[in-house]
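I'd like to ask you about the structure that follows.
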Amino acid sequence: MPIRFLLSTGLVAAALAAPAAAETVSLPDAALTSAPFETITAAARGQTVNFFLWGGDDRINAYVAGPLAATLKDRYGITLNRIGVADTAEVVNQVLSEKEAGIDAGGAVDLVWINGENFRTLKSGGLLLCGYAEGLPNARHVDWTDPSIANDFGTPVEGCEVPWSRAQFAMAYDSARTPEPPATLAAFLAWVKANPGRFTYAAPPDFNGSAFIRHVFMYAAGGPEALGGPFDQARFDAVAEKAFGILTDLEPFLWREGATYPTDIAQLNALFANSEVDFTFNYEPTVFGAGVEDGRFPPTTRSFAFDDGTLANTSYVAIPFNAAHKAAALVVANHLISPEEQLRKADPAVWGMATALDLDTLPPDAAEAFRALPRHPAVIDGEALADRAMPELSADWLDAIEAGWLRTVGR
Amino acid sequence: MTERARLVLMLAPTVALLAGLFLGGLALAALRTVGIVPLAGRFDPTAEPWARALGAPDVLASIGVTLWIASAATLVATVLGLAAALLLRRAGGGRLMTLLVQFNLTVPHVVTAVGLLWLLGQSGWIARIGHGAGLIDRPADFPVLVADPAFVAVILAYVAKEVPFVAVVTLAMLAAVGTGPAETARSLGASRWQAFRHVTWPLIRPGVLAAATVVFAFVLGTYEVPAVLGPSHPKALPVLAYQMFTSNDLADRPAAIALSLVAAAIGVACLMAVRRLMSGLPTLKVAR
Amino acid sequence: MTDVVLEGLTKTYAGASAAAVAAVDLVLASGTLTTLVGPSGCGKSTVLKLIAGLLPPSAGRVLIGGRSMADVPPERRGAVLMGQDHGLFPHMTVEANVGFGLRMRGVDPAAIRRRAGEMLDLVRLSGFETRRPSALSGGQAQRVALARALVVDPAVLLLDEPLSDLDPELRLEMRDLIRSAQRATGITTLFVTHDREEAVAVADRTAVMLAGRIAQQGRPDAVFERPATRAVAAFFGIGNILDARFDGRTAVTALGCLALAADPPPGADAVVIRPERIGVAAEGAAASGGNRCAATVVDLGYRGTHVVATFRADPVTLTAAISSPIAAGLQPGDRVRLHLPAEALHPVTD
Amino acid sequence: MSAVDLAATKPADVAARTGRTGIRARTARIATGALIALLLLPFVPVLLWSVTRGWFYPAILPPALDLAAWGVVGSPESGIPAAVLRSVGIALGATVLSMLIGVPAGRALGLHAFPGRRWVEALVLAPLVVPPLAVAMGLHAVFLRLGLAGTATGVMIVHLIPTLPYVVLVSASVFSRFDPRVEDQARTLGASRLQVLRHVTVPMLAPGLAVAALFAFLVSWSQYGLTLLVGGGQVPTMPLILNQYVTAGRSDVAAAIALLTVLPGLVALVLSARILARASRRDGEGGR
């Protein structure tokens, strides 16, 4: 016994003695946010950026590891290392763990695709590099006064992340099966009751399932205005009873009578594709087009948005406080919001994700190029979506709603 | 060098590694759940993570279903594995057949889980054949086997993986025992079944039960199978623990460790059972 | 030609209370075959391992050719060990087995083949070169093992019960083969066995080992006929041990005074006599000379070549090996007279 | 009774020479075949999915042949070719390390009795029955500190926890059937320690040690939970990549990856069967 104890403590001692895997950062943080960008670009040359992002879509993977990486290499001498994760929470976990272990420099993550509660967690923990975003050369194409840019799920961005894409929630149906989908959430809920077993939603913490529940929550509250601003327990309790009541009432009419829910959006998509249910949804409607192309959805798939409005959000890229290659990460972040790169990303043939830029700041022909991008028939028209956009709730609301759902409906 | 020094030298690397990594990891995990983090020099003893872990919604149900999955999978896999070994021997134990029985042994669990998802889902391959044969009309008519409250698909995935393991161990035990004892029993008037029941089975039992225990403990701690095939609630213990470990709420992490220690505690109980079972054997001649 | 000297050789295993080998002094004269005989567990094999360098001694030393072996590893001692189960390498052919030692020494392959061939010839196994050990009979395997040992031209050959796994007739054949090979090569050989007959049959010299110590050593016939101690006598199957007090060349025993042919050594406290040296005569037969006593036949056991007869000569029991014709005239209960010739009576110490 | 049936009644059996036994052996073969079919059934949809896309209920067979999934699998942008290399590298590294560390311990356990042996055995068995989740969570912080978390090296080291016990146990059973006196003989014939190892011990035990190595490789190759936790998602090995595509709903790519993931296991299995067959031919030549 004593030997084992010694050995195990020995490991701890070795860990304590080891210098936290450090790599010298050529510029201190203060210099990074104030230095002329040419200085940063020069410092970035030859660095490798570990870019963490959700890795379950081969179009995204191909775009990031392919043309995007090639451009960065050619133009800035930066190697982009795509690190696919199954869930962005894993990246947050990584940075949190590094912080706990006292690794304040030389961290594994240089850049992460992020928004919502993941952003809030890192920001509130002081785990992000801040104050640089609006100073990036290409930041002039971003409308920082737009509330949907300046706030990420209610958390003020405050220069701690750079907008990359916009997304808005949409529903999908199979036009061969459901020629006329219900136009409002109320009508949709009635449809579900009239067609038992033909709908379900993914259980939180799935990102998309959680968004669907928020729509019901906002519907119960009578609109997004009722839930705006910081979290308020009294307001939550008032709405929660009604909202979870609706969802509980709905349960017997759901797929498998609500005994279980799909645990992620892919399961819901598969149910939809195999005619087990008649609807699916996504916070990123371009998925429907891509899904038709890569065989995840039937060719007759179409998408729509509820007339009462659907949630819209912006997703960003952020740089952790302890990133090993901050200069290069800044250069990459800046390049990601260049009109040229945003246009390439918005092309459905590449990815199709909507731009985060303010088209009014672009030269007319550049703005026109965005407007002229083709649209897949399965994907809802961008203007139709924009007309129905609702701002996201703050991340605290989000947590409370998910936890409430798990307590009341999901068990 | 003395004999004793040589022995110590041979054993030291393994003992050091397992004591350091395995016991050390376990010890650090346990300390963490009571608020002690040697690495960060933190020492605030608390029982909060345990309260949080055991107070999380569905935790008891999770422990319950995990034990159910492990028991059911172990029972079915052991019976079928034993049967497979005996059948293989009766069938003459052709090399190809033995190879095919063993095949799943080499397949990662996540692959088996995905295969079963596509096979047994309500719109899976068997359901489609049922539709083609006119037995069912809609996917909903097909029995619920995936993401079901009884964890049928999860259990079947483990069965598919562990039957070969039990069979291989049993075959090894049978080979070690040889046919002599059974032949003697037959010549003394025992029927084939009696010879097995009273002579062969008691001889191979320790090995088979040890294999069953390993299967049981293994199922307790495997994440990928219930993650792919389990329902949204209650979740199997490893799934719940991993989800809590990667939760946004920092306070969830020690609670997640506490949950995984519950699984580890059940595993330790299994280890003691195995030790008892194995005490009759010179060395554990099993492998997987 | 090399002699081997063991000086105060001692080995105590870790955790053991008694020494497995205790202060053994032994000289293996160059070119001779010495047998080391003793019951199992007496430390014989340990002596071999100590000589071969497979175990470090706790005390004392081994000299081969006058050189201390203290820091010489086994592979450089020139002391080849051959064990009871042939110990052939199962993954090598017969030829590779025989050539093994030469290969370890970096001898070139052609020479190895030639030497291996010669050795296989010597053990009459030409033609078996490509066989695997699993395809050999026990005797063949043992012959290959002998060839493998001899091919490296060892300074010392250490044989650890080489015949114990063989059938009786094979044993004799193999024993003769070893003996003739040893004579032909002149390799100093230590042959360990627990078989008394084997020990005296092949040896130039015999050492008896009991409980880790050399109890007696000398010419085989001397050891066999004239054990020095009760224990050696018992080991060589002499059950006829009579407690005795000595008065010059007279031993005073329970059977009365027995005359001896020579002076007893100091400390002697018993006399022994080998069973085959006891004479048996009918009760009434004419008696000439001393050392006779009356006895009753207790039991007669037929052994093929002879009969083992047990006699009661109160207060002791004696065993004699007698010829069949003599035994034919006897029945249990018959009264006889036994003759214990003075030259066969041998005083022993405790 | 046909010749095939006669061959099939090989297992010594007192009552083997009756017609009834022939039928029994045939029944056993049919039953074994059925069991094998059941065990392998999950691979049917996997195979089909890997060569098609857009295959929806109720189609029993894929609508069309489509090799796009294999295109994704082969493209460098998907990271899959790199993941294959990474997985192979980690598994090979874990195998080599656990052999170097574990085989000596296996020798000690297989050949020697020593005080404390029970504790060493328990320590070696423990990782087999104690779910690794808690251990990995406990080690995570230490590995981060050492700069090992999120690295292939760290993952490889943590894989030693499950691989080492297999190597130790398999090699202990290999050594328990080994007579170390052969090594003594080789020494006295003029072989140095190293030469004995190279020319005698290793070649003699090669088949058994190869099996130990194959187990280690497969255990590491299939590892999911430990890789996920210690790798922090940054060391995407094949099982992780597979799950990534499963959770993205790309059944076609997932199926192709699944097949790719099964491949080394298959190779290993066939290889080990051949090694063992060769060994049994060697040991059995001419009969013992």
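Descriptive notes on the structure:
For reference, chains read A, B, C and D in written order, and residue numbers begin at 1 within each chain.
Keep this in mind: a contact is a pair of C-beta atoms (placed from the backbone, for glycine too) under 8 Å apart; a residue touches a chain by one contact, two chains touch by 3 or more.
Quick caveat: nothing in here was measured; it's all calculated off a predicted structure.
More C-beta pairs touch across the B-D interface than across any other pair of chains.
With centres taken as mean CA coordinates, the chain nearest to the overall protein centre is D. With centres defined as mean CA coordinates, subunit C is found 59 Å away from subunit B. The geometric centre of subunit C is 53 Å away from that of subunit D, both derived from CA atoms. As a whole-number value, the distance joining the C-alpha centres of subunit A and subunit B reads 36 Å. One simple way to say how far apart two chains are is to compare their mean CA positions; for subunit A and subunit C this gives 89 Å. With touch defined as above, residues shared between interfaces to two or more other chains in subunit B number as follows: 4, 15, 19, 21, 23-24, 27-28, 37, 39-40, 123, 139, 227, 245. Residue positions of subunit A touching 2 or more other chains, listed in rising order: 4, 11-12, 15-16, 87, 90, 93, 100-102, 267, 270, 274-276. Shown are all chain pairs that touch, namely A-B, A-D, B-C, B-D, C-D. Subunit D makes touch with subunit A in their complex at residues 52-57, 66, 68, 72, 75-79, 123, 140-142, 144-147, 149-150, 232-234, 236, 240-241, 243-253. The touching residues of subunit C, counted against subunit B in their complex, run 13-14, 56.
Residues 7-15, 24-25, 28-29, 31-33, 35-36, 38-46, 48-49, 56-60, 100-102, 104-105, 107-110, 112, 114, 118, 120-139, 141-142, 145, 157-158, 160-161, 164-166, 168-170, 172-173, 176, 211-212, 215, 218, 221-222, 224-225, 228-229, 238-239, 242-243, 246, 251, 254-255, 258, 261-262, 264-266, 268-270, 273, 277 of subunit D touch subunit B in their complex. Only residues 3-4, 7-12, 15-16, 87, 89-90, 92-93, 96, 100-102, 117-118, 120-121, 125, 197, 203, 205, 255-256, 259-263, 267, 270-271, 274-276, 399, 406-407, 410-411 of subunit A touch subunit B when the two sit together in their complex. Touching subunit C in their complex are the following residues of subunit D: 179, 181-182, 184-193, 195, 199-200, 203-204, 206, 282-288.
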